[in-house]
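We just call them A, B, C and D in the order they show up, numbering each chain from 1.
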């Protein structure tokens, strides 16, 4: 499935809470995929990931995740990343309802 | 420059074990993939045997130290390389006399972290099970 | 020589294990005297520590070490190491064992004939089927072993709420000599319940949604957390287990189907033990979507048997209908109502069951 | 039901404080994630898809009512009010926070429980038949042997960094044992 457009977000798990988190435009971390920075350039993605990996006192296991933009907004392309953004299916208190 | 760590703390200019009558052999360095079949009488005469841990997550050196002691080696036994303070108890219990790490690694692992584990005979389930009586 | 309350020693088996390359263990030693347990096990792990592969974590488990070096080579090294280690154990371990055994003295059982609670049976038909499936014979007369099912249809297999844990704790204190067990199939056990207390225990369990009478049935599914929780998973397991259980609850066929171990793993590490399920389901990723392969004929009993793959995987929407075709088809194929799914499979072989799963190819 | 000796209790209490210090060293940066990970795993703490997961040992699957009640409290106080019982006779909490784990381990130690070696490349929780000591066809209760093996394998200096995890099971029931007078010891 060739990506016509290069669209990625930077995601990781928060070191203290372990919860899924996404990097924003101003290099902060949020829990909602919808608020993540959408990166359209490979070099920018590389630089952003390097920055995320340097923040080892904030996040763990940062990686680039493919996303697509459509009328539903921002959604992850791989089903694993979709589940990560939605939370487990069997817990009624929803996505990381803390 | 490397740091030698013993029960009593950090030493940067530690004199290696002096030659003693029953250990006339030279100091020997072993890698973690050393095959116990190669434990010879000559090796057991070594003044000091240094076993290298390429990574703290590679636990073969602990078995090698135990085997050397079990074959009767009474010389100086040193664990060298990538070792963390949290491993000091298991290093000493496996028969090593002390630890040698780089200065750089020692910076991230100040003396206190090693001293916290210098009392390595306490809480020793395995030692307790090998006694004559409980 | 100390005996273990009746057993003289051990048969030592090594190298068994499920996971990505499942293997049946091999006998390392036919007989190990009870007193030599610790030096011998220490010898096994010590040999493994040097011999096990550290270049590839998928080939590092001892079952691969045994497979690659051969059981004879392993035995020679273990016996040599054991000979040296044996001299280091001078008796304290056996003394400790005796002290430990005192902690496990059986509770005082009040062994007198238990009532057949016929009256209660009429009043509560649910109680009858619960006694059929969730009660196991106890060694003391008048007692029973109660299996509490954590597999209520539609729930997450193996999960219990805090409230349910407190109910189980209370029941253990009052009716099971203050003892509970966790089973290998994600259920909880009250090991020593006097039969006269069964109705009271059943009623208490029912109020806490813990009285599902399905131990050993198709809805008593072992499922690993899968991709809902596990970082290593390649597909989800929990929703599949929930859908299969609710489907068969609707069909009201479980008790008729009888003993059927269905186990689901969300990746090839096989934490759901799918290889030894009568029916196993393995969740993988194929072409960017979840795909579920079915294995048949596995058995975790004494004659351990690894299941064989039935054919290509099913999509997330097709796996439950496939299981339904398979089980309904079994009911037609079985010799009589007492022949379990596994027995039918062993009698008939894979072909008729594959035909049920892949009707087009018949 | 095995009850801790003072030796066992001192060991578990010390181990909790050791892990508390390891968490502090990870947070202050003196331990990298790669260095912290094995020690986190050896104390039962995984990082899963959505959150950390703490796997608590239930040795040979045996619990008393006080311990089960404590697990209920833990699930409410530090998790989302539920626990997951596993096929290897453990219980897993799915949403603990890294900084709370030392306190959770302390609460477990209060009722003679722990999460030591439920993960990591070391000898794991020893499992036995879940009907041990009760089953009609059992020749001998293997749980005392499992407890002896648990103590022997706890913090064994030679076996904390094995090539991979090592699992031991002991069965005593006639159904599994090939000949009546033997127990079966399975190493995998």
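Heads up, the rule we're going with is that contacts are C-beta pairs under 8 Å (C-beta built on N, C-alpha and C of every residue); 3 or more make two chains touch, one makes a residue touch a chain.
The shown structure was predicted, so the numbers you read here are calculated from the model rather than taken from an experiment.
The most distant chain from chain C, with centres taken as the mean of CA atoms, is B. Chain nearest the geometric middle of the protein is D, using mean C-alpha positions.
A comparison of the A-D and B-D interfaces places the larger number of contacting C-beta pairs at B-D. Averaged C-alpha coordinates put the centre of chain A at 33 Å from the centre of chain D. The centroid of the Cα atoms in chain B and the matching centroid in chain D are 29 Å apart. Measuring from the averaged C-alpha position of chain A to that of chain B gives a distance of 45 Å. Computed centre separation for the pair chain A/chain C is 37 angstrom, with centres defined by C-alpha atoms. In chain C, the residues that touch at least two other chains are 38, 46, 49, 54, 93, 96, 156, 159, 227-229. In chain D, the residues touching two or more other chains are 47-50, 94, 151-152, 156, 158-159, 162. Shown for chain B are the residues in touch with two or more other chains, namely 58-59, 62-63, 66, 128-129. Taken together, the chains touch in the following pairs: A-C, A-D, B-C, B-D, C-D.
Those residues of chain D that touch chain B in the complex are listed here as 7, 10-11, 14, 18, 21-22, 25, 30-31, 35, 38-39, 121, 151-152, 154-162.
Across the complex, chain D is touched by residues 56-59, 62-63, 66, 84, 86-87, 89-91, 93-94, 108-110, 113, 116, 122-123, 125-126, 128-129 of chain B. Only residues 156, 159, 227-229, 236, 238-239, 242, 285, 288-290 of chain C touch chain A when the two sit together in their complex. The touching residues of chain C, counted against chain B in their complex, run 38, 46, 49-50, 54, 84, 88-93, 95-96, 99. Only residues 1-3, 46-50, 53, 58, 61-66, 68-69, 71-73, 75-76, 81-92, 94, 123, 127, 130-136, 138-145, 147-149, 151-152, 156, 158-159, 162-168, 170, 172, 175-179, 181-188 of chain D touch chain C when the two sit together in their complex.
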